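You will see chain A twice below: alongside chain B first, and alongside chain C after that.
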Partner chain A sequence: MRPARHGMALAAPLALFLAAFFVMPVLLTLPTSFREYVPGMGITAGSWTLGNYREILADSYYREVMWRTLGLGAAVTLACVLLGYPLAFMIARGPARWRMPMMMLVIFPMMLNLVVRSFGWIALLANRGLVNNLLMDLGLIAAPLKLMFNLTGLMIGLTHIYLPFMVLMLVAAIQNIPRDVEVAAMTLGSSRLHVFTAITLPLTAPGMLAGSILVFVLTISALVTPRMLGGPTFKVMATLIYDEYMQTLDWPTGSALAFVLSGLAIAIIWASSRLTRRWAGTA
Partner chain B sequence: MSDMMPRRPTAIAAWAVIVFLQVPVLVVVLAAFSTTSYLTIPPQGWTLAWFGKVLSDPAWLSAIRMSLFLAAGSTVVALVLGVAAAYAIAHRMLPGSEMLTALVMAPLVMPSVVIGVAMLQYFSLIGLRGSLVGLLCAHVVITVPYIVRSALASLGGLDASLEEAARVLGATGLEAFRLVTLPLIRPGLVAGALFAFITSLDNVPVTIFLISARQTTLPVLIFSSVEMGVDPSVAAISTLLIVVTGLVLLVAERRTGFHRFI
Partner chain C sequence: MLALGLSLPAAARADELVVGSFGGSFADNVKACHVAAFEKATGSTVALKLGSSSQFAASVRASAGASDMDVIFIDNSLAVQIHNEKLNEPLSRAKLNHAGEIIPSAWGVDDSYVVAMVSATALVYNPMLVKTPPTSWLDLMDPQYVGKYAIGDISGTSGLQFLLALNKMKGGTLDNIDPGMEAIKPIAKGSVVLYTQADQLVSLFERGEIAIAVWYPDRAGVAADKGLPVAVAYPKEGSVGILPVVQIPKGTKKIDLAHKFIDVVLSAEGQKCFSERAYIGSVNKGVTLSEKVAKIAPTGETLDKLWFVDPDVLSRQIPGWTRRWQREVAR
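Now for the complex of A and B:
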C-alpha cells in the first residue's frame, strides 16, 4: 500500500524548500512595510506605523502612478483581445496547413528573451528609430513623434509581449466550441455575423476572461519592459518599487508598494476564479 | 453550406498580427549585421564584426556562462524536488495536497518584482546576498511551478494499473517508477524542463535584485547595457539568443510536440 509517510517523504523537500525560500522572504518583508523611513538615516528602530500605506493612498504622485499602472493594464488587455481574436480564430478555424506555422510564429516571440524584445522596440520607437526615420523620409512628419518614454511606447511594447498568451488562450477556447451548434444556427438561417455574436463570442467568453485576467495581472506586474521603454522618469508601480529599493533605499515605502501590487494581483485572480465558477454553475 | 470558416478580412488581420509579433525580432537581427551603429532600412552595409566583438569580450562570455549554469542548475534541482512532490500529489499519497499545489503555484501569481525585493531583504538578513547559492535558490522558486505543472499533467493521464502491475511482478517502488512511469511521462517532463530552463534564462525582475557587482547574467547585462545607450553589440548578442531560442523550439517541437504542453 501507499502509506502517508511515503508521500510526506516525497513532498517534504519541496515544501521545506519553498517555506525557506519563498514563504519566509515574503513574510519577513511584511514588517518592513510598517517601519518608518527617515531620509539620510534609514529605517528607524522600534516604531511601527501605517504611514507608508497612508502615503501611497493619499499622495498624488503615488496615486498617479497607481492609476497609470491600472489604466495601462486595461488598455493592454483590450488591445490583446482585439488583436488576438482574429489571429486565434484563423489558427483554430483556418486551413490546416497554416495552423502549425502560425502557432510556431506565436510561440517563438513568446519564448524569446523579454529584454531582447524590448530592445527591438527601442530600435523601432526611439526618436531616431526606424519608425520615425521612415515617416520623416516619406515626408509624413516634420519632427520625430514621441513614441517612447510615454504611454504609447509602453502600450506597444507590453501588448507585443503579452499578446501570445491571449492568442493561446483564445485558440483553446475557440477549438472547444462544438461545431454543430454553429452549423445548426446557420442551417436555421442565421447570418454569419449573428452566429458570431450570438454563439461564437459568448461561448468563448470564459476563455477570453481567463486570457484577460492573465494579461492584466502580467501587465501591472511588469518591470523590464516599462523600465526599458519608459525610461527612468515614466514610472509604473513595478519600476517605482525597483527605484525605492535600489536608488532611494526607502525599503519601507518600497515594500508597502510591493504588498499593494501583490494585493491587487491576488484580488483580481481570486475575483475572476469566483466569477468563472459562478458561470460554470449556471451553464 | 460553409460553417464558420474565416474569410479574407480575418485572414489579413491575422497575418498582420503575425507580422507585428515578428517585427522587433527582425529589427534586432538586421541591426546585428549592419555596419552603422544606428540602424537604417535598408542597412548601409553588412558586417560580422559585432559578433566578433561580443564573443571576444570577457564580460559577455562570463555572463553567458553564468546564465547557462543558473538555468541548467535550477532546472535540475527543480526537476528533482518537483517530480517527487508531483508524484506524491498525483497519487494522493498525502493529506492537504491542494495546499501544497497552491504553495508551488504561488510564485506564478506573485509579481516577480515582489519576489525579487522579498528575496533581496531575506538574503541580506541571512547573509546570502550576492551569493551564487542564493541566486540558484531564487531561480528554483520561479522554475519549479512549470515542472510540477507538467509533471502533474503527465501523471494525471497515466493508467495507475501499469505501475501496480510492475509492483505485482516484483519490482520495487523505485524500479517501477524508473522503468514504467518515467518513460511514459518523459515527453511532458522534457517540455516542462525546457520551459523551466527558458524561464530561468529569461529572468530579469528577480535576478536583478540578487546579483553581485562582479557576476551578472546575460539578460541583466543586456538590460544594463541598453540603459547605458544602444550599441550594435547588444544586437549581436541578442541575435545569438534569438537563433538559440528558435533552434531549441524547433527541436522541441519535433521531439515532443512542444506546443501541446504550453
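Now for the complex of A and C:
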C-alpha cells in the first residue's frame, strides 16, 4: 500500500494543476453545450436543451465532417507508422555515429513554428506553387494538380508535422527490445522475417500504440494546419468548432461538437489500446 | 508576484486605453491618424489589440461585462449583436465634441455605436489583363475569366455581401436567400480560391493567377499604391456597403477616455487622415476627399447607390446563411 500512496503524492502537483487548468474549464463549458442559441440575440440564459446534440447526430453535414476527421486521423497515423517505422529502425539499429545526426533531422522541423511550416507547404502545394510549376515546366501536366484545400494537402502537411512524434516513440520502443530474444529465436532457426514479425513487431507494439495515439489525437484536434491547408471547403471537426465559436458565435453548438469529438477520441483510444494489448500478449 | 505581473496584460496601467483594431494596414492607419492625436491631446497612451470583428464579439461575450478592451472597431452587424446581448456602454453624444458633424444615419440604435467609415464590396480587376472594365456582378461569369477569378468565403464580409447582391438580382429577399444560394454555387465552384483573408488576393493578383475578384476598394487602393496592377469597378446593380463602427464594451473603467478616443476618430482631421491613407469613405460632413481617393472610395453616385443592409437582420440571419453555405456551396 505504502509505495502506491507515495506514487500518488508524487503525482499530486500535476493532478492538481490539470484539475485547475484543464478539467475545470472543460467542465465549465459542459453546461454551455446544453443551452439554446438565438442568432443575433445570444445564448438564452437558463435554457436547457438536448437540441445541439440531436442536431449533430441528425445533420448529414456534421456526420460527414466527423467521419472525415476520423478518417484523416487514421490515415495520417497509418502514414506515420509506415514512414516512421523504417526510419526509427534505422536510427535505433544503424551505425551509432549516424544516430545523432538522424535524430537531429527528425527533430529539426519541430523547432519551426507551425504557421511557418504550413506556409511552407502552401508555397509548395499552391496552384502556382513550386511542385505544380515544376511539373508544368517539365511538361508532365497541363493544368495544375489540386494539392491544397483537399485531403491530399492535409495528409501531406499533417504527416510531416506529426512524423517526429511517431519516430521518437518508436526509437525508444525498438531500443528497449532485448537483443537476446531475437538472437535466441535465430539460433532456434527463425528466419530474419519471422523474427521481425513474431518478436520485434509485437514487442514494439506498445510503442507503436503510444505513438499512434499521440499522432491520432494530435491530428483530429489540429486547428492551424487544417485552417491553412484545408481552407473553407475542406472542414474538419476542429475548424468547424472554431468557426462555431469565433465566426457564427454559436457557442452551444460549438461546445456540443467539442464534447462529441472528445468522446469519440476517448472511445477510439480505449478500443485500440485493448486491441494492441491483446496483440502484444500483455492482456 | 512576478508571475502574476507577467500574466496580466499591459492594459492594467491606469492611463492606458486598450483599443481593439483590425490588423494589417488598418492598424497602421489607426496608429497614424487616431492614436497619435489622442495621445498628444490627453497624455494617455493607447495599446492596440488586433483581431477581427467576430473575434472581438466573442471576446466581449467571454469576458461578460468586464471587457479588457475600452473601445473596439467592429462590423455594424456584430455591434448590433453585442447591443442585443447588452454587452456595450451607450455612447454619450454630450461627451463627443464632433458628434454634430457626423451624418445622422451613422448612429446605431440607442447610440450603441457610431459608424467610423464607409467602404464597400465591389469588383477589382487587373487592367493589364482586362481590357473593358466590368460593369456587372455577372461579368464574373464571362467565359474569358474561367479559372481566373476569385470570390470570398462567407466568413468574410465580401463573400456574404456578394451572396446578398446576387440574391437581390435574382429576385430573392433577406428572408429568402434561395435564389442567391443557387446563383452563387457554380461561381464558387469555379473560384480559384474561396479566400478567408482579404490579403490572400494580393499574391494571386501579383502572380497573374486571377484577373478579377470580388474584393474591397480600400484594400485595392492601398495595394495599387504599392504597385499591384488593380483597378476598382462598382457594378451597375449597386454595391453593398460596409460599415465598420466604434463601440464601447461594457465594463470599461475609462469611459471618459474612451469617448475622447472616439471623438478623435470622428473629428474631421481623424476622418480625413484615415480616408486618405485607407481609400475609405468618411462619415464627417466636413471632410472632402482628394480626387485620387474619391475615384476609389465610395463617394457621390457610387455612395448613393450603395445598399446598406439592416444590421439587425444581418446579425439574426448570418449564422443560418453560414450553415447553408457550408452545406450547399463550399461542400
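Assume the second predicted complex is superposed on the first by the 240 of 283 C-alpha atoms of A that agree within 3 Å, B and C clash if a C-alpha of one lies under 4 Å from a C-alpha of the other, contacts with A are read in each partner's own complex, and residues count from 1 in each chain.
The rule we apply is simple: a contact is a pair of C-beta atoms (placed from the backbone, for glycine too) under 8 Å apart; a residue touches a chain by one contact, two chains touch by 3 or more.
The structure presented is a predicted model; accordingly, all values stated were derived computationally and were not measured.
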Review point. Is A:245 contacted by the first partner chain B, the second partner chain C, both or neither?
Key: both
Review point. Which of the two partners, first being chain B and second being chain C, lies in contact with A:255: first, second, both, or neither?
Key: first
Check your understanding: Which partner reaches more residues of chain A, chain B or chain C?
Key -> B
Review point. Now for A:160: first (chain B), second (chain C), both, or neither, which partner does it touch?
Key: first
Review point. Does the superposition put A:109 against chain B (first), chain C (second), both, or neither?
Key: first
Practice item. Classify the contacts of A:128 with the two partner chains as first (chain B alone), second (chain C alone), both, or neither. Key: both
Check your understanding: So, does A:179 touch the first partner chain B, the second partner chain C, both, or neither?
Key -> first
Point to revise | Where chain A meets both chain C and chain B, residue numbers | key: 128, 245-246, 251
Practice item. Name, in rising order, each residue of chain C that touches chain A in their complex. Key: 54-55, 57-58, 61, 80-81, 84-85, 153-155, 192-194, 196, 207, 209, 312, 315-320, 322-323, 326-327, 330-331
Study note, to complete from the structure: Per the touch rule, the chain A residues reaching chain C in their complex are 39-42, 61, 64, 127-128, 149, 231-233, 235, 243, 245-251
Practice item. Under the touch definition given earlier, write down the residues of chain A that touch chain B in their complex. Key: 2, 4, 6-8, 10-11, 13-15, 17-18, 21-26, 28-29, 32, 83-84, 86-87, 89-91, 93-94, 102-109, 111-124, 126, 128, 130, 133-134, 160, 163-164, 168, 179, 182-183, 186-187, 192, 195-196, 200, 217, 220-221, 223-224, 227-228, 238, 241-242, 245-246, 251, 254-255, 258-259, 261-262, 265-266, 269
Check your understanding: Which residues, counting only chain B, touch chain A once they are in their complex?
Key -> 1, 3-6, 10-11, 13-14, 17-18, 20-25, 27-28, 31, 38-41, 80-82, 84-85, 87-89, 91, 93-95, 97, 100, 103-104, 106-107, 109-123, 125, 137-138, 140-141, 144, 148, 173, 198, 201-202, 204-205, 208-209, 219, 222-223, 226-227, 230, 234-235, 238, 241-242, 245-246, 248-249, 253, 258-259, 262
